[in-house]
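Next come two complexes built around chain A: one with chain B, the other with chain C.
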Partner chain A sequence: MALLSFISRRLLQLIPTLAFILVVIFVLVRLLPGDPASAILGDRARDADVTRINAELGLDQPWPVQFALFVKHIVTGDLGNSIHLKVSVASLIAERLPVTLMLTAMAALIALALSVPLAFVAATRRGSLSDNAIRGSFQVGLSMPVFYVGLILLTVFGAKLRWFPVGGFGTTFLDQLYHLFLPAVTLALSLSAILMRNLRSAIIGVVGAEYVDFARSKGLSSRLIMMRHVLRNALISTVTLLGLQIGTLLGGAVITETVFAIPGAGRLMIESIYGRDYPVVQGLTFALAIIVSLTFLATDIVQAWLDPRVAR
Partner chain B sequence: MSALATPAETPALSVQSLTTVFQTPKGPVRAVDAVSFDVMPGEVLGLVGESGSGKSVTLRSLMGLIHAPAQVSGRVLWQGADILAMPKKALRRVRGGEVAMIFQEPMTALNPVLKVRVQIEENLAAHSQLDARQRRARAIELLDLVGIPAAERRLEDYPHQFSGGMRQRVMIAIALASNPKLLLADEPTTALDVTIQDQILKLILDLRDEFAMSVVFVTHDLGVVAGTCDRMAVMYAGRIVESGTVAEIFARPHHPYTRGLLGSVPRGGAERTMLTSIEGTPPSLAVIPQGCAFHPRCAYAVEHCVAKRPALERIGLGRMVACFREAEVAAAGAPV
Partner chain C sequence: MKNAVTAALSAALIFGSGSAAFSIERGGVLHYGRYADSLFLDPVLNDANVDIWILSNLYDTLILPTDDGKGLKPGLATDWKIADDGLSVDLTLRQGAMFSDGTPITQDDVIWSLKRAANPENGIWNFLLVSVDDVVAKSDDGITIKLKHTDPAILPALTVFNSAIMPKKPFEASEGSTDAEKAKAFAEHPVGSGPFVLKSWQRGSTMELVKNEHYWGKGEDGKPLPYLDGIEFNLLPDDATRILKLQSGEIDGAELIPYARVAELKQAEGIDMELFPSTRIADVIMNVRPQVDGKDNPLSNEKVRQALNYAANKQAIIQIVTHGVGTPMSSYMSSATPLHVGEGAVYPYDLEKAKQLMKEAGFEDGFSTSILILAGSQDEIGTATALQQMWAQIGVELELQQVDNATRTQKYRDGVFQMRAGAWTDDIADPNEITSYYVYSKNIDAVHSGWKSEKADELFEASQKEIDQEKRAEQYAEIQKIYNDTGPIVPLYETPYPVALSDKVHGFLQIPLGNNVFRAAWMDKQ
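Showing the complex of A and B:
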């Protein structure tokens, strides 16, 4: 019950958050140097053409009017049309965003699959050779930039060994997973390092907790103590960290998509910013903001489920 | 040192030369040093001392709950078998089954993210053949037994939803789940209000009577000892310095430290007098003084006390003390 009312309260909090995001997006896009008219027409545009295009795009209106129109469109689900690609922004997002989400989700799963068992080994054999080896190799992973890791993986597993495609995106689901594997690993590497370090120290902290000693004094098996008493408590902070890292992961996806030539939202975003394609930048940013907000919400819910003290 | 035991009685628990040494960056620390005592069936033994005297570590060492890097040596004979040398499986059966422990701080000793029901039932699952429905019924019965109102409704609550006193009752319910024959209680009332303290102590004594349980009661509160224990052992700097029945020790302490402890407790009914305090502070276990560890704070100390450590010696039936000057201390009588 407490959990349900907690979820509904958090859902209500989303409304002001999203309203604030709308304002920020609107202002930021207009603070970018350059304007769509000159981006479309090039350097030698005539004043008359610039005025005409600005009028077509509604950019001659005062900011408050533009903002009112922007909000009205968003609320009615109409995100306008791309200035360059001449198609609706909604359809562009529907086409590109799932690719990025798939990449991000895959990266998060790979990061969890790598970090949870290894953190467990490192924490329970603290100070041992395996602990140091695990921590050392993750440290290397963490300190290398994403694009560099991507290029190495691409050269070795794509170009040299030819185990994986060097770029692009498949048509069937399995084919797509295959295409996204290397980029997802690229993204997952630094995330898994962060998660592993966090979870390792969380497990070490929890193992020393009184309630774990109390559980041992009950005569429970070490496996039960580890799974029920240690891991569950240790995961609380790691889940929070993972949720907060999703935003970073989406940012990393922009770079990764560029390196691996994946037609995702990240690449669309970069192209649109260069082209001053206001509607696309605005719509895409808003869509990403919603995704991140929903991720935070999901994080809070999982956290409240793991730790009942949160949902009070 | 089962001096109190009549030949017919064998102790339920016999601790022999228990020694716990922690390896710290500053060198080894002897938190428990050659501690020996017996607990008879149905007996309540008080383990008394200031913070840092090693009484809690003694209790945890008994149960094998000491974390590495530390060495625990000596023998802890439970019904004749050495707990410290038991294979894991046998140890698991003793822990929580025959020997249960309650901790000082129920807020930190109960897992904050698990329902009380789960925390009681996992004990039953480990030590009984009960099925899920029977375990639930037994959990309700246990909460009822320790005096938690509306027990059935509270099963699905989390520890943070209970008050301090109720939380301690929950911990006692968990400890009692498998009808232990020995209860190790580590300052179970220290974190509680005085009124709640009395209720919890009375509860433990009632349960002792009902289930013929032995209890080792670790506390720094001599009032609690007087009200609950049959025998007591006083610890100082990791060693037992005096032991005997509570009545005898309160009437005539033989160790100056015990005498000091008794003198620092207010007594009801008596004429108003100044409370005496023991000068100085207990030593750090890393640097225990030469000779008798208590000599720097002792009014009776002579040269001999600085040079040599007094052994724990028998001075009467069930009465032991480690002091060269015990006769002089005893002659002074109980502090007013």
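Showing the complex of A and C:
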């Protein structure tokens, strides 16, 4: 019950957060110098064309009128049409956002698969050669820029060895997973370094705790102690960290999507900001804000499950 | 003007270029890597090169540009004649030409398409057809374009993407109440008149074109064009990835190769590194208004502008930025633009002369100024950094302001800039487009520079109606002299279009106006 009321409390808190985000998105996008008409028509724009296009887009209306319309549309689920691509923003988000989410989820899974066992090995053999080797190699992964790692992977595993396609996105689900593997590894490398270091220190901290000594004195097997007492407690901070990193992962996806030519939301966002495509920027930011908020909520729930004191 | 005989001869020679020595193989899908996706495939309402440069594959025009981008050859019209008084053009339509859905292309379609393109309410390209007064049917197989005044550029204007022929009935039957809404709906499932037709489009990823089975053009083997079964455009925004994908054989061609990679790809096995002649120029545009932001503007002084021109070492910039691929501009328009005049750099590098001019202008001690450049553009950053060092030698301190494109356009349009890096590509095989933007003060204030020459304005207005080619060439020679001597720009360099193709690909062409022509492209099967 405590968990349920905790979840409903957190859900209610989402409403003012999202309302605030709506205002911020609306204002920020309009504070950028340059209007959509200038971005559409570019250097060759004539004044008459700019005025005509701004009027067509309703951008000649005062801000409060535009904002009222924007909120009305959001509430009714209508995100408007892209100024540049002439298609509905909802369909664009439906096309592009799942691709980015798939990439992010795959990267998070790969990062966990890499970091949890290796952190375990490093923590339990603290100071050994394997600990230093693991920490050293992750440090290299962390310090290399994403676009550079991406290009190296593409060159070696794509162009030279031909194990993976050189960028692009498949048509069937399996084909898409295949195409997303290298970009997901690229994103996962820096994330797993952060997770591994955090989890390693957490495990070291927990292993020394009194309740672990107590469990050991009860005669529990070391495997059971590690799984039930050490890992579960050590994971709490790592889960929080992973949740917080989702925003960073989504940001990192912009570069990865460009290098690997993946038609995701990250690239759409950048192109729309450059093009001052207000409806797309607004709609996509709002959708991303919902996803990040829900991720934080999920993080809290997992935390509450791992540590019931959180929900109280 | 062309007569029927030359038109017929040209028709026989169309599409033959570059592939005569090979025995052509039909079939296959050509995968082509593009740097950016298209936005809106409507010939009239589009506004970007990413659309313009592929539209000719989907929609044919009445007249087609020749491979060098300067001449005319028959398209959906087989013959044309300008009336003696220059106030109308008769065109004979190609018999038996069909749209991609198998319906015939009628006089009605042609009249409707041209009127739509000339409508000042539609899009930003109607100025190319500003002389069109009316379009009417003529006998059974032709149309007459009636002009408000004589227009020496009317035939080249009929080769431009916006005057492409579209099917009236399916367009008008499309959902929506306005032309823009119908165009949006129609563009989702277009019926075209070009050699290919859109099959599918995953925005931001791939676009598939398949051959138009009803296309009128004939190949060298006497069978219908195109040779290819289709084209797949793959969106690959990262330069390095686009090249890797070509090298791994996953695509057959890649556009916009960075100049830094050209030499390497010329040596690469299995790759043809093509440098197609273009009308692309790069320059620096100066704001020449007496005051900018409430302060006196040294750039309003003609001698200062000349000094900056002499102090800019174009050859060095060409080496730094284009890795030697570019050539110095010899006028404000590219050397591939008809009626271009000039040889060698407009202002050859001469530091002493630059210093002397600064002294004469009263700026012996120099001054500070700034340049707007596109954030992240290696070419513009390279150019501006080089100019910063070159101009420091005449005491001019140049501040680099990196901004994104929309910000730059806004500042530029508002006239609140000192200098900006600029670039241009022609859309029409005529000097009038670039001149109307760069020189003519009544369009956009001579590229928003505030520069004005009454003489140049008069000459341009006269040239827009002058149908005597010799007289028009003289007018353009004079316009170029005035502008190059006193104008608001630092002309830098011209560059070709760098396209890397697999050596299996033949017959592909990017014409100087930028159009990617796949009509006669074919691939070795092996």
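Here is the rule we go by: the second predicted complex is superposed on the first by the 311 of 312 C-alpha atoms of A that agree within 3 Å, B and C clash if a C-alpha of one lies under 4 Å from a C-alpha of the other, contacts with A are read in each partner's own complex, and residues count from 1 in each chain.
Note that a residue touches a chain if its C-beta (ideal position, glycine included) is under 8 Å from a C-beta of that chain, and two chains touch if they have at least 3 such contacts.
Keep in mind the model is a prediction, meaning the values are calculated, not measured.
In the superposition on chain A, contact of A:50 is made with chain C only, not with chain B. Set against each other, chain B and chain C differ in how many residues of chain A they touch, and the higher count belongs to C.
Look at A:210: by the touch rule set out above, it reaches chain B but stays clear of chain C. By the touch criterion defined above, A:197 lies against neither chain B nor chain C after alignment on the C-alpha atoms of chain A. In the overlay built on the shared chain, the residue A:228 is in contact with chain B alone; chain C does not reach it. Of the two partner chains placed by superposition, only chain B is touched by A:218; chain C is not. When the shared chain is aligned, chain B comes close enough to touch A:306, but chain C does not.
Using the contact criterion defined above for the overlaid structures, shared-chain residue A:179 touches neither chain B nor chain C, since it reaches no partner. Interface of chain B with chain A (complex): residues 60, 63, 65, 67, 91-97, 100-101, 103, 105, 108-114, 118, 122-123, 126-127, 158, 160, 171, 174. Looking at the complex, you find that chain C touches chain A at residues 39-40, 47-48, 124, 180, 184, 187, 202-206, 234-238, 240-241, 244-245, 247-248, 250, 403-413, 422, 437, 443-444, 447.
Listed in rising order, the residues of chain A touching chain B in the complex are 208-211, 213-221, 224, 228-229, 232-233, 236, 306-309. Residues of chain A that touch chain C in their complex: 32-35, 38-47, 49-50, 56, 84-87, 92, 95-96, 147, 151, 154-155, 158-159, 162, 165-169, 258-264, 267-268, 274-276.
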